[in-house]
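Take a look at the structures listed below.
Common to both upcoming complexes is subunit A, partnered first by subunit B, then by subunit C.
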Partner chain A sequence: MTDRRKLLGHLALLLPPFGWLTVFYLGSLFALLLSAFWQVDSMSGEILHEWTLDNFRILATDSTYRVIAERTIGIAVLVTITDIILAWPLAYVIARKVGPRMKLVLLVLVALPLWSSMLARIYSWRLILGHDGVLNWFLRTAGLPEQSFAFTNVALWIVFTYLWLPFMLMPLVSALERIPASLPDAAGDMGATPFQTFRTVIFPLAIPGMAAGSVFTFAVTLGEYVTPMLVGGAGSEFIGNVVYSNVGVSGNIPFAAAYSMILLVVVGAYMLLARRFGAFDGA
Partner chain B sequence: MKGFSALLLATCCTAMMAQAYAADLPTSVGKGEGDLNVVAWEGYADDAWVKPFEEQTGCKVHRKYVGSSDEMVALTRMGGGKGFDVVSASGDAALRLIFGKNVQPVNISLIPAYADLMPELKEPSFNTVKGVHYGISYEWGPNVLMWNTKTITTAPTSWSVIYDKAHTGVITVPDNPIQIADAALYLSHTKPELGITDPYELTQTQMDAVVALLKEQRPLVKKYWALASDEVDLFKSGDAQVGAAWPYQANTLRAANVPVQDTIPTEGATGWADTWMISTHAEHPNCAYLWINHVMTPKVQAQQALSFGETPANTKACAEMDATQPGSCKQYHADASAAYFSTIKFWKTPVKQCGNGQSNCLDYAAWQRAWQQVKQ
Partner chain C sequence: MTDESSLHAPAVSLTALTKSYGHGKPVLKGIDLTIQRGEFFTMLGPSGSGKTTTLRLIGGFELPDSGEVFLNGVKVTRLPPYRRDVNTMFQDYALFPHMSLQDNVAYGMKIRGVDKAERTERATKALAMVHLEAVGDRRPSQLSGGQRQRVALARALVNEPSLILLDEPLGALDLKLRREMQVELKKIQKQTGITFVYVTHDQEEALSMSDRIAVFSEGVIEQIGTPEELYERPASGFVARFIGSSNILNESGGEILLRPEDIRLETQDYALTSDEAGLSGLVQEISYLGPVTRCRVATTDGDRSVTAMVPSRQARGLDENMAVRAVWSKESAYPLSS
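Right after this comes the complex of A and B.
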């Protein structure tokens, strides 16, 4: 009797989140998949519920969409790698070199930008990189040649790297913290140089942290469309921008659905890869 | 109220069968319902004339601004078209809204200013289908070439400057499939062998040539602007120095002391002719009629013309314009508008049927795909 009750209790606990996920998450994904096989009447804007593979045919044959997908994935990879490189020194200091009080101060400083609106932070980069912006003012004052990164893919790369750096840093800090101090000590006792210790002990043990961080930086960059819109220029379209303009501008939801399938597949594949590197093992 | 909406819906459906019964149109404008949802071009619902309207009628105006006809069409169709009452559609959006049954016929006898409209705009093909009026023409104007006079000291006279490598990285053009027509208009002068007669009626061969030109232009473009305010920002910061614009941006920039000049180049220009239309599902039809009657008065027509830099459809607006800004009636061609009107290639929705009886032209879906290829 009590067992039965317990079971019912567990079920009751599970039902709300499961129901939520099924209806709002899986349900909408299914609707997305379904509408990818429909079409839109260009004049009246009505969705024609006739099965067609036209959307996928256009995606496969028109090189435009391949170029945009490659750019999206390429920049996402680049941003992830840059964030890993930038996060390492700071994460190492926070996790292993400073006392608890200093650690708290540094972590708060890292998280501080997240308290302000993302849009405000993106716009501030427009002011920094603009032709008459802060950066050029500095360069001019220092007598250096001016840059023209504004509205280019370089600007995208810089802004994305800035935006998602905290999301790489945090998991890396927690991964480094969890390495017992005895391990590098033991390596030292065995005669390993500091670099050897880093290469063979610390770095491998931090891989799950990097993998977890990269899930954020990669997946979030991949699905972005606001940053390309605001700081990107001609030839900075992301998959998200094509989806956005098909939904919000040309009203072609079926085509947008078909194109967004690429995101789903790429992120899915990346998750599997990240899992192999231990991104989801404990936290 | 429900009955009235149903009546309007019925009206529209009947009209779509090419048979409009005057009896189905509203016969009088009642008291305002208290709210009015407006979808409009940036700068089309300015406080200067919205505030007096709200005070006079008690209709509170809720605005949504758009930067392209596509965005306008998408916005009016969202939620089954129930989210808006009136929309200021350009010629290329108006037909799509009529065929999509998103807008309802209007009773022109309830709009006194109709009698004063320019003859060309009383029943233009983009808002009047088979004798049924789906809106009232509002204002019209050209897409101009704008440049920063400080960096480009000799005034350009041809659209060729926005395809010129000399201006790499400082060009900006609208992010809008209809921009293809600008390039087609330019090619109709520089490459007459393509045989482009109407920039909105392009065959696949002609489109290929236009897309090739636009793809060559892409590396020169700093940014494709989506909202007028984007372009204003680009010129303010110096990131863009020459580009395709509306007179509105030029006015705004000059007001902010940015040294810009604008012109209609020798090849001519594309342009817009806008129509106020009422939603099929308008929840505030009285406010909608009150709004149209308000914005069609000579005073508001003049205010709109001066703030945006365009020409009013109401011929009585001329005196009001000169009263506010002497000489402006002539400057914006509100006096001798017929001749000027015919020089502008007005936006219209590209369809398969070319004007010459052939049906091998590309429809708008093909234009949208081509524009995506250009932007990549």
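Right after this comes the complex of A and C.
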């Protein structure tokens, strides 16, 4: 009897959060899925509740959307790789080379930008990368050729890499911290040079940390539309920007929904992959 | 280095090693030590005495502040671990969690470029030596503590080093398993003829396994000797207290050591013979330990006391606060140099 009451008690605790998630999260996802198969009457602009695959047909055949999808995924991949490369040395130092005080200082420094508005940080990059920006001023002063990154995919890559670096760094630090000091000792003991130790012991054991970090660098970059809007140019649209303009400007929610489904599928597939690499194991 | 010199040189030779960490106290205050080839050598001491640091200096995991480390007559003081012909069994076993047991054992060979067929064969043989050949494809996380410990041993043995360092390898095992492994470690050491340098804080373990023991205390070696030498002729009060249980009495200017098993209990009116000494008092504590019973006898003023270990059969009539006479032969009292 008491077991049953316990069970009811647990259910009562679970009901509010699950109810919320079911109605507002799964419900809206389901509505999105449904509306992807509807279409908009081109004359009246009203949504016609008739089943059609037209949205997906356009996405499959019109090369514009394929290019945008490729760019979105491509930049997300590039950002992930760059962040992994940039995060490693710092994460290694924080996790294995400095004392607890210095570790705290470095971690706070890494997290510090996250306390300011993301918009402000993106705008500050416009000031840096712009034609008359800080970077060109510096290059001019140093007598080097000027750059013209402003409003290009390169600018997007740089800004995304900057924005998500802390999110790659933190899980990597915690993965490296979890490796007992005796493991690299043991590898060296059996004849491995420091580089061999890194390749065969440290790196493989840090893969779950990188996978967890990539959930941010990859999946979050995929869904972004604010950064491309602010630092990207005419040729730097993301899937999110197309979705945004279809929802806001042209009012074609079914098409926006269909394009979003592509994002959902890619992110879903990516999450499964990340899980295989241990991204969600005991972090 | 010439072959001549390395052929006759001791396995390990340490000269005047010192080491301190950061701004703290010195951990080693001058360690001199020679370990012969094929020896089972134990470094024994309480935690913080410097025994593990000494082991890490031999393995190359840390560098000394001063002094030298020689392995087989070759100076290796500044060489990193991967350039030393030494394998270590770590306290936490340090098995690679992302590799199978087979791959863990074969790791060193893979690093040195031994071809796959030979690697597999030797790793399987090493696992068979510790009775784990059937589970070679498992991961360390699927093993019990005792099994992990065996894998770590196989991994150290498979590379056939001239020297194996063991850092409290049995510390995490329960008593029964520990006894079994003590016997097995000793057996394997004899079979292979590899020099073992063993670190422990367990004096019983040290006595039962070692050819020679170095007793560490606060960064210095108090005494080096065979188990019998340490037990019967301890060089200091520290060694006497640390090895076995002991009574240390102050008598006529010097300290004398009395082992509890050398003391017997007699009735109060027992007359001492000319080669006997004794202490009259009341029985304070009685602990039944199976074959023997431990019993503390203190003078009525509580000033002096001795602990005796008597065969349990002879201890049956004893009771607390009973007046007795603790008796020992003068011969068994060993004077300690202070």
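By definition in this document, the second predicted complex is superposed on the first by the 282 of 283 C-alpha atoms of A that agree within 3 Å, B and C clash if a C-alpha of one lies under 4 Å from a C-alpha of the other, contacts with A are read in each partner's own complex, and residues count from 1 in each chain.
Quick note on the criterion: a contact is a pair of C-beta atoms (placed from the backbone, for glycine too) under 8 Å apart; a residue touches a chain by one contact, two chains touch by 3 or more.
Predicted, not measured: the structure shown is a model, and the values here were computed from it.
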Partners on subunit A (subunit B, subunit C) - clash or fit: fit
Touching partner for A:191 - first (subunit B), second (subunit C), both, neither: second
First, second, both or neither for A:100, with subunit B first and subunit C second: neither
Contacts of A:242 with subunit B and subunit C, given as first, second, both or neither: first
Partner chain(s) touched by A:133 [first = subunit B, second = subunit C, both, neither]: first
More subunit A residues in contact [subunit B versus subunit C]: B
First, second, both or neither for A:64, with subunit B first and subunit C second: first
Partner chain in contact with A:143 - subunit B first, subunit C second, else both or neither: neither
Smallest distance from any CA atom of subunit C to any CA atom of subunit B, in Å, after fitting: 45
Complex contact set, residues of subunit B against subunit A: 68, 70-71, 73-75, 77, 95-96, 99-102, 169, 177, 218-219, 221-224, 226, 233, 237-239, 349, 351, 363-365, 368-369, 372-373, 375-376
Interfacial residue positions of subunit A with respect to subunit B in the complex: 40, 42-46, 58, 62, 64, 67-68, 126, 130-133, 148, 150-151, 229, 232-235, 237, 242, 245, 247-252
Residue numbers on subunit C that touch subunit A, as the complex places them: 59-61, 80-82, 86-88, 90-92, 94-98, 107-108, 111-112, 155, 159
Contacting residues of subunit A [partner subunit C, same complex]: 180, 182-183, 185-194, 196, 200-201, 204-205
